[in-house]
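So, here come the structures, one by one.
Note that chain A is present in both complexes that follow, paired respectively with chain B and with chain C.
Moving on to the complex of A and B:
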């Protein structure tokens, strides 16, 4: 199948899924009793004021009609306005998505960069010393609550040791923010040669990134180990040994044959880190999409909640698309479908 | 000099149970055989008898918890059981080639067929890549792969089972081995394809003058194809010798059952089922391991079994080897 047709087919397949997501969040938000009117109107509002706000927001219309209007708007790229920020939800999400993606990229990137080699090394000598130590450590990584880890790291590295900057966002308040280009302070700082900003942004990234890396590395280690052990026991590796291929060649073969399942796993994991991201962003006052979503839910900003969930769904779709394409490039057996 | 000489090989699976007690499965119990250049040995026996394990022990492919605990394997006079892993690696795929049972899953799925042949040649020689490439095409031709040029660019998953098995044969031939070990090379293939592969294998063995061991369930293969036969049961070779002699005068009750159980042309000594479980390798009985299933067993069979020469190179592991026709056949009477 040609690449264009593949993308087209995928897009067509994904459309009902996204509509479903929009529908379900729309309904859940209504049924879940998130009602902004009370908060918007304030404690002293009269019934008339209430009603006029309802009318303004279109909440006096039947549910299906509200949904139809919303869906129509979404199709045109209009996700509505957040009453918390008083800005279009799409603008909010765009801005904050970059911020979260930056954290996610470094966190999972480092988690994978550390986790995959550890998992492989453990697999090459199952039940050896290294494997046993690794198993205990990754069990710890599994069982530590994310927010607790974040708080302890802040306590130790900021409060006790003073190595890390305070956890109040992505950059020191004393440093000029760089000219916005990508939205990432680190990259923008580097691009505009604003070294102070880049340095400050980098140092603020360290703790949340380590926190996310620890949380994401544990499952990566476990899964990589399992995958590599399976490959090591495969006919292919047995036959490679029977052919007298040198150890180095066999290892390369194991790596290549583990690559696809490991990458697939990491990709899947990325889409599953939503909750973790929210917590980490919250603890470090990161101000990314995760924190935005959390705030929106807590304060009943339902246009924002809907936009947030839709953004997450879209993100998953893109991640799985990228996985499929990458797998297709490595794996001759795979067909784009 | 004998090309391959296996002497009193013992391989055990040594593990620990839940209570941390050592458990030993005696999977090979004194396997001995030898192989001269140009000869073909067929190893037969029921499933679990230790045929594959014998091959793996010989070429040093055991994986824990399997371990050689005694005996020796000499290839051209060199001891293999104590050889360093990288020295063994230089032998395997080079002087000792193997053909395995699942060709499609055994080939590297991420490397084109031709590149795998070339890689194997490069690993074991100093040849220029172009020379390896040339040799790969020649070997693919030799094993009857049509249009080697284009097949060399195929991925393993694009091959049929028979074609993949031909590729494994080409792999085996790449480095002109002195010894070829084929472990059930045709299991899982269509019957017609099986015949083609076996014919091909026989031609190749003659053409390349390799000593060959074929592991099989199929006595027909042995009868058609092999010079010598070794019958395995519970980790021992219970009978061995020239195919003609063993088929004409099977000296071990198990061999008789085996031959009796194969269709028509090999039916010797009446049809008998191969009933019974293989013995528990964790708990082998004293004396003859075949006792529980043997129609000739007597009290004598509880004592260690002698290796009895029926003729010069026809040996059986039975107290009554060579005398069975005289002895009362309990099963036949029942």
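Moving on to the complex of A and C:
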């Protein structure tokens, strides 16, 4: 299948999923007990004020009509306005997405760089000392609440040791923000040779990234181990052993054959970690998309919640697309479908 | 009968019981040390939850306004929080919420998920297709975001948290049972049950259920760990259970602001308790997998 046809097919397949996701969120926030009108109007509002706010927001129309209007607007790239920030949701999301992506990239990247070798090493000697220890450690990693880990790290590295900057935002307020090019303070600072900004941004990144890396490494270790053990038991590897190939060559073969499933797993983990990342952003006052989404849900900002959920769904669609393409590049035998 | 002989008899029967329990425990320990350690941790918290009123030195919601934010001392082992409440007593009481949420939530997931998996797997066709697509769609959302949205939208009470977690987690059991049923559907014992004229419900619940439930039961501990973790996370975000209820997540929320001013004890101890209970459940779950699947069994 040609690449263009593959992309087109994927886009057509994804459309019903996206509409379904929009529909579920749309109905969920409206049918439930969330009431933005009460929050916007304040405690002293009269019934007339309530009604006029409701009318302004379009909440007085029947549900199906609201949904049709919303879907039409989304198709034209208009996600509506946030009722709390009074800004277009699309602008809010676009600004914040890059901030979250930066954190996610470093966190999962380091988690994978640490987790994959550990998982492989555990698999080469199953039930050895190393395997037992990493198994317990990764189970512990599964059990630590992210937000608590973040708080403890803030206490140790900011309050006790004074190594880390205060956990408010992505950069010190005393440093000039760099010219916005990509939206990431670190990269922008490096690009514009604003070393102070780059340094400040990097030092603010350290704690949340370590937090995310620890939490993401645990499942990566477990899954890599399971995959590598399966590959080790496969006919290919047993045949290689039987042929008397040196251990080093066999291990290369194992690596090669584990690459695709491990990569696929890391990809699915990226999408699953979005929830964890929101909590880290919340604790470190990061101001990214995750924190935006949490606040929108808690305060009942309908349009923002819908936009956020749509962004999440799109993100996971793109991640799976990228995985499929990368897998195809590594393993040209696999069909793009 | 003298007092001495009476105590002797009492200790004798007690020893008989405890030796038996110990032997059985050693048996489990040999099969799966992880499961045994996990079980011990869970039992420890179960004792805390059941006998909290005897163990707690203070009332968990009594505010000693003259002793706000005191560091750990002989009187307050884990210190006091911003309201002057005893953190130690609150941590012990919090175990009640862990079990009180996880057990009914997992039971609810089983009650919903298992029949759905049975029917979907046995019937197949459009119903199965639609259900599986719906479950796939749900997986687009990270579980904490979904749970948060549903609890925020449908009402914030303890009962609602349990219901939402139970519903949201039922697809896990449905999937496992469905996979088992698919494998068993065309086996001889099912076909002979059909040939003997058993009604469908009887085939599903009498013939298939006992054979298909194993995988789902092995998941229960891990899903309980999930329920404990997510409910605490919701409380940490201020959704569902609210402070000053002595729930671990809500306590961490209360302690968060004090972390940057050095009063670490308010958030540290409930977090440790939470980690250990979830860790125990995960260990047990890991051990279950060992016991179910001999290929993964450690030490073999």
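Heads up, the rule we're going with is that the second predicted complex is superposed on the first by the 335 of 337 C-alpha atoms of A that agree within 3 Å, B and C clash if a C-alpha of one lies under 4 Å from a C-alpha of the other, contacts with A are read in each partner's own complex, and residues count from 1 in each chain.
The definition used in the following text is that contacts are C-beta pairs under 8 Å (C-beta built on N, C-alpha and C of every residue); 3 or more make two chains touch, one makes a residue touch a chain.
These figures come from a predicted structure and were not determined experimentally.
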item	value
Clash or fit, chain B versus chain C on superposed chain A	fit
Partner chain in contact with A:216 - chain B first, chain C second, else both or neither	neither
First (chain B), second (chain C), both or neither touched by A:24	second
Three-chain overlay, vertex chain A: chain B-chain C angle, C-alpha, nearest 10 degrees	70
Touched partner set for A:333, first chain B, second chain C, both or neither	first
Per-residue contact with chain A, leading partner among chain C and chain B	C
Touching partner for A:200 - first (chain B), second (chain C), both, neither	neither
First, second, both or neither for A:291, with chain B first and chain C second	neither
Which of chain B and chain C A:151 touches, first, second, both or neither	second
Touching partner for A:236 - first (chain B), second (chain C), both, neither	first
Distance of closest approach, chain C and chain B, by C-alpha atoms in Å	5
Footprint overlap on chain A, comparing chain B with chain C	none
Residue ranges of chain B in contact with chain A within the complex	59, 61, 85-86, 88-94, 98, 100, 102, 105-110, 119-120, 123-124, 155, 157, 171
Of chain A, residues touching chain C in the complex	17, 20-21, 24-25, 28-29, 31-34, 127, 132, 135-136, 139-140, 142-145, 147-148, 151-152, 154-155, 158-159, 166-167, 271-276, 278-279, 282-283, 293-294, 297-298, 300, 305, 309, 312-313, 316
Chain C - residues contacting chain A, complex	34, 137, 140-145, 148-150, 152-155, 225, 229, 232-233, 236-239, 249, 252, 255-256, 259-262, 264, 267-268, 271, 274-276, 278-279, 282-283, 286, 298-300
Touch list for chain A against partner chain B, complex	234-236, 238-247, 249, 253, 256-257, 330-333
